[in-house]
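Sending over a structure as structure tokens; questions will come in a sec.
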Amino acid sequence: MDRFAFLLKRPVQLIPVIIGISLITFILIQMTPGDPVRIMLGPKASQDAVDFIRARYGLDQPILVQYFYFVLNALRGDFGQSIIYRSPVGRVILDRIEPTLYLILYGLALSVAFTLALATAAARSRGRWLDQVVRLVCVGSVGIPSYFVGLMLILGFCLKFKLFPVSGYSPNFFDNLYHLFLPALTIAISVTPILTRNLRATFIQQMDADYATAGRSKGLSEGYIFSRHVFWNSLLPTVNLMGVVVSFLIGGTVVIENVFNIPGMGQALIRGVLTRDYFVVQAMTLVLAFGIVITNFIVDVVTVLLDPRVKL
Amino acid sequence: ADAKILRMGYGSDVLTLDPIKTVYGSDIMIQGLMFARLLQANADRSEVGPGLAEKWDISDDGLVYTFYLRDAKFADGSPITAEDVAFSYTRMRFQKDSAYAAPFQPLKEAKAKDAKTVVMTLDRKFTPFLTLTEIWNTGIVPKAAVEKMGDDAFAKAPVTSGPFKFVDWKPGDRVVLAKNEHYYRQGLPHLDGIEFRYVPDDNTRISMLQAGELDVNIGVPIARLAELKAAGFRADPETSSVTYELLINHSKAPFDNLKFRQAVSHGIDRKAICDTVTLGTGTPANSIFSPALNYFDKSLPVIQRDVAKAKALLAESGVSDASFELMVAAGTSDDEKTAVLIQAQLAEVGITANVAKVDPTSVWTRLIDGDYQSQINWWYNETRDPDNALRWCAWGAGDNKSYYTRYNNDEVNKLIEEGAGEVEGDKRGAIYAKIQQITVDEVAQVALYYPAWLNAYSPKVKDLILNIGLQFSEIDQTDLV
Amino acid sequence: MTDKAGATETNGGEELVKVENLAIDFATQYGSVTALKGVSFSLNRGEALGIVGESGSGKTVACRALLKLIAGNATVRSGRILVEGTDVLGMSEAELLRFRGETAAMIFQNPSTHLDPIMPVWRQVGEGMVLHQGLSWSQAKLKAVELLRDMQITDPARRAGAYPHELSGGMRQRVMIAAALACEPDILIADEPTTALDVTVQAQILALLRRIRRERQLSLILVSHDLGVIAEMCDRVVVMKDGAVMETGPVEQILTSPRNDYTKRLIASQPSLMKPAVRKTDVTAKPALRLAVEGLKVEFRSAQSLTGWVMRRPAHVVTAVDGVSFTLPRGGSLGIVGESGSGKSTIARSLIGLAAPQAGRILVDGKPIERLLRERPPAEQRKMQMVFQDPFLSLNPAMTVAATLAEPLRQHRLCSDREIPERLADLMAKVELPKNLLERRTTQLSGGQRQRVGIARALALEPEILIADEVTSALDVTIQAQILGLFERLRREMGLTLILISHDLAVVRYLCEQVAVMRQGKLVEYGATEQVLSHPREDYTKALLAAIPLLSRRSDAAE
Amino acid sequence: MSATIAGPSQNRLARLWASLPTTLVVGVALTLIWVFLALAAPLLTEYDPIKVDVLNILQPPGEAHWLGSDALGRDIFSRLLHGARADLMMAFFGVVGPIILGTIIGLLGGYFGGRIDSVLMRIFEITVSFPYFVLVIAIVAVLGSGLRSYFISLTLVNWVTYARLVRSEALVLRNADFVLAARSMGFSHVRTMLFHVLPNAMIPSAVFVMTDAVLTIVLGSSLGFLGLGVQPPTPEWGAMIAEGANYLTTAWWIAFFPGLAICILALGLSLIADGLARLLNTGP
């Protein structure tokens, strides 16, 4: 179908972006003062040992030569070695993708559920107290750092009522619905206000739209108009906003991963950057970029599915 | 009964399981759980006793050490032979990427004389050698396994010789260990296994301890110690060998000026800093090294703050621009507090300290490159013998230039060598007292206070402490009830 | 109260709807706005009632009130709306759901916004049947297709699955009518059902409404500002102004012998009734040729993406204007008519240099001018000005009227800063706007006011050639008449050369000597107005003509 | 127009006042209160915000210290008021850079379209897909810690939001009749862009910037571990919260009051955003 032609176009557009990202990351991180080998061997190591290891990782070469080898190896599926962990980058990342992905998706699922409930409730009772409460809560909660949300949830749910574990990620899918509930809730608490504000406003705007009036003139009930017309017409802006939010969450979950002690990508990236673990940062950046690209892609597909007018 | 698994949480990540490739706290603690050493320190580390070596001889000239091994096995069931010991020491001392070969410079050679006898030859008289044979990087590794697996693979799944054997390692998450059935001390350990978990957030670690998800919380923020104690956790300060200090760069103005250094030293209220930052769990510093070390000179007075004197010294120094940058590694709240206190105290003397938070890796780069004026830092010593400590912090001839301070005093350097070669306790004491006096007079570094290790243990954990060398040396006798 | 009066106006037939003394206020940020001040009228069974009146007179509010579709910020201050004896305003929510759609239904002014953009049209037609008549969705679909066929939509089975944006404006309006008729209501309220449409489509829709009314015995309320439409469709008419009824009566009577002053003015302002402006001046003396267009061709390429550029993919091309030529003398006037999308605005744009023609020349005073605006010297840029089609889009919403008008004066240094207030006052007077509007932001003006600001802005540069793109469509007939008068005056007095784009032949006939009929980018007919209009060759021109004389025919007859 | 306007509409000021959304008024008031407190801080408290007092650490709220004292014995109330200066600055400068850069890029891309837009969009995509921290660290490492680095890194990363908003508006506006009208009168591209496209394209950004300002403060505190934000001992709310993290259970007041302060400022700014949205979108 014509409208889905962008499905083919996207990968082509992706190439310059990926090259740009990888080159910039590579140069940036390598130009940043600080030596991963020093960090790996620790402050007590001799200069000899440091030089030896640097040579082993090829870090004594000029940057562009290193980049060239990086690309060459990456094309063969080898992203190099984590200097700090002394293991293949692929493994370091693979171990961590799953928890982060689970966490983000779970958090989003909760956010979506909350957002739909709150925005619908607020819009349907527009101007009345419920609406005002929802609005005020959404406005006021923007400034609460998620670190505190997490900590408070732990103090309440884990220590006082002992309902949930403080930490933990288990390889079992269903266990994690329980284990990762609080971290997902923390994400939801920080994301929901933003989405709800947006969706509520769109709902209200769309409830006043001409086609809604036309629906009323046909004798359709408010509930029907809302669920069949207004609702679907309002989703697009929020879906797009959600795309932005997801891009932000990818790689931005470090605080939540720390508070709930989840071994995820966010932690690893920060750590990689702080220790100048070049190849980890490099590969992780690409993985995250890829995640963001996929997110945008999904948003595009949803957009096209939701709105027959859109052509990308 | 349930398997007795001890769950420990620590704020730094395990980076490698190979004893010779690390100097980090997390790795060091793990090594103690996994590898047995020739000798074994007692709980407070005041003495070394038999470990894998049942007994040992020292030649009269003090250059040849002979160790006699007991019957022992690696976790895979293969016997621990003299060959393995020689291999482990040679590797640690001579392999290029050994992270901490420095203290073993005098070791010339380690050789298996027969299956149970190892002979080590030194190139000079070196009294601290015996105590060094119990630190983490002398853990005995199986030659066959290392050679077969290669260093990298071994570092990820080592074959151990200590109380626990390796089961699993998820980098950035946890190391899982299980009881080593072949451990040389019969009937030990009591535990069935250990989970050593990486929990970076201080508050989360405490919450996990409180929720029963951890049994040991290594590194408790001082602010929460009392609370944990009140809640029934064992949370007493434990003796450490740490010195907190203001690192100063002797090769840069204004710290190249002795009077200025003294002005700073006298302008600082060590007790106030110690009390405020450690909430009474530490002691103000009087010497360059910690009271946990042998030959620590108790008689040296803690320098009392004397603003008038500091001002006079500052005037004498002739330093016109009495200001400097005070670097703090970002994200370390105790360091930051210390820095702010120093800043406030020196302000009254007329010295301006500009606090700058810097990301930790950059801090190290700048220290090593000598591109700094001052920094809040701390260090610990693995053994009670001060030789190692002094070579780290005051030996200008060393690789690290007196802990990157560029302090280099020929007399001190000479005294350090002398102390290492001296066998007799009293004489060593005199040498070390002299060194401590000189370094305080010359303000080699501004030692501030000596903090304790602050850990919290669930009441179920019996008989476990962290010793000054960052080892849970009693781990094989620890039990969960 | 008004019972008596209402009764006298009813001439035969059972009274189906009776609006009594309806007054409605709106709460706004500025305070309350009175939209209706005690309106009364009635509708008999089977009758067609027309409501006319200037923009903002309360026509829409009154119609919506009939279905109790009252905006959230509205208050009914007084009045009743009796439909078969029941007061609509007193109905409960449940009663309303039955009432709307089953008893009365409405079609709206703008079909594009009144259809749900993301729902296939058959569902929108059918949902009323599902909800009211308990049909299943599949049954509803069948009936919806039937209804669409009834509305003369070709290939209804296929169109039923289409989304509104895939349909033309006329089709959308038909879909809306189908949706309104779905539950077979007794009363159909049509609020300006054709204003947004092309004249030819308008004629079709009106014919359709007439037919449905006949076949289904519908009572109709038709709102329009076009007396022609009303005259053709309705039995009786209500004239509204400022939220009040001015006059009510049978169509013939109102059109031929209006009693109310406003009604008189309204009728006099209908362009179709206006005599062509006098323009005998230039018949003999051959004036200098002012503007000549030769073989103008404009193509649009779809914006090319970077990847498309890299991969040398050809862009998609639309030929909007294809080989158009015409000439205009000084002080002459040309009317361009044609269906929507035929390229009228594009000609205008390429004349002022906003769209670069692919081929052809534009000569001013015999000299070819640069294709692109920015290549022309400022004096030349100033010479030719354009008034844009849509008054809601053509003024910068962030500016005040004063800033809008002063900007061109300053940029072209037409006068010193001191003279500006004077010039602004002068311009405002020209377009008959009160001076106190100068400080308002353009968003705070009505459509008609905006359009006049747009005209004033173009006049500010004292152009010699003025291109007016559908300038009158947003205007009230009365104001429209004033503006047309202004153009005529400028032409006569200052020798302004005028190009008037419109779909209203009546307007063109009034103002223009020449007319050009466009179709799909080509000039299909071009010549002197009277000649083209009296002997149209093209079907399209004929259809356009058929759309004007409705009212004149009646009034001619009356005369 | 037929409608009559009722109410006290004579006085223009009164009308303007009446036309302002309540949320805008309340929001501006809340924000101004902070500005006032920040400016008047030295008059409102006699405590020096950076004066350490080791004998009085961790005092709970009471007579001496209204909001308690922190781990170094500094008065929280005083730090809170003085901290408002740093935070208002952070909120302000933290969005100024991004909004300028983002608007320029978005405007150029949206207005000119075509190839310029394509190139700018690729830069946009690269930045969007780029992990924030890599960039921040690199900047901190090159420029050193502190506020300046923070602002620069924010600018280099956050411009995308504004570019996105402005571009999508500009894309529509460049074909808007009033823009064509401006061009048809011979105005230059620069003038058209600045006076006709920009004011209208800025509306969504103007609304978003209020939320962004709050996020800037919060982000500043959570990036403290990189050495970003103000340097000690300067008081700043985010840093105060971070300092209080370890004392939550023992000295809650250290983190609680600055947290509350951020929430109130956030509320003010959000209300302004809400009001602006109403004012600008619907127009009177």
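The letters A, B, C and D name the chains in turn, as written, and every chain counts its residues from 1.
Everything below uses one rule, namely that a contact is a pair of C-beta atoms (placed from the backbone, for glycine too) under 8 Å apart; a residue touches a chain by one contact, two chains touch by 3 or more.
Predicted model, so just to flag it, every value in this text is computed and none were measured.
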item: A-C or C-D - the one linked by more C-beta pairs in contact; value: C-D
item: Subunit B and subunit D: spacing of chain centres that average the CA atoms, whole Å; value: 46
item: Separation of subunit A from subunit C, taking each centre as the mean of its C-alpha atoms, in whole Å; value: 49
item: Rounded Å distance, subunit A centre to subunit B centre (Cα mean); value: 39
item: Subunit B residues counted as touching two or more neighbouring chains; value: 203, 359, 362
item: Sequence positions of subunit A contacting 2 or more other chains; value: 13, 33-34, 151, 155, 274
item: Touching two or more other chains - residues of subunit D; value: 122, 137, 141, 226, 245, 248-249
item: Chains touching one another, given as label pairs in label order; value: A-B, A-C, A-D, B-D, C-D
item: Touching residues on subunit C, where the partner in the complex is subunit D; value: 26, 28-35, 54, 56-58, 241-243, 303-307, 309, 349, 352-354, 373-374, 376, 378, 381-382, 385-386, 388-390, 393-399, 407-408, 411-412, 441, 443-444, 446, 454, 457, 461
item: Residue numbers on subunit B that touch subunit A, as the complex places them; value: 13, 15-16, 21-24, 96-102, 152, 155-156, 170-173, 197-201, 203-204, 207-208, 210-211, 213, 359-362, 364-368, 392, 399-400
item: Interface residues, subunit A side, partner subunit B - complex; value: 33-35, 38-49, 52-53, 56, 84-87, 92, 95-96, 151, 154-155, 158-159, 162, 165-168, 258-261, 263, 267-268, 271, 274-276
item: Of subunit A, residues touching subunit D in the complex; value: 13, 16-17, 20-21, 24-25, 28-29, 31-34, 135, 139-145, 147-148, 151, 155, 194, 201, 244, 247, 251-252, 254-255, 269-270, 273-274, 281, 284-285, 288-289, 292-293
item: Subunit B - residues contacting subunit D, complex; value: 202-203, 221, 223-224, 226-227, 272, 275-276, 328, 330-331, 333, 336-337, 339-341, 343-344, 354-359, 362
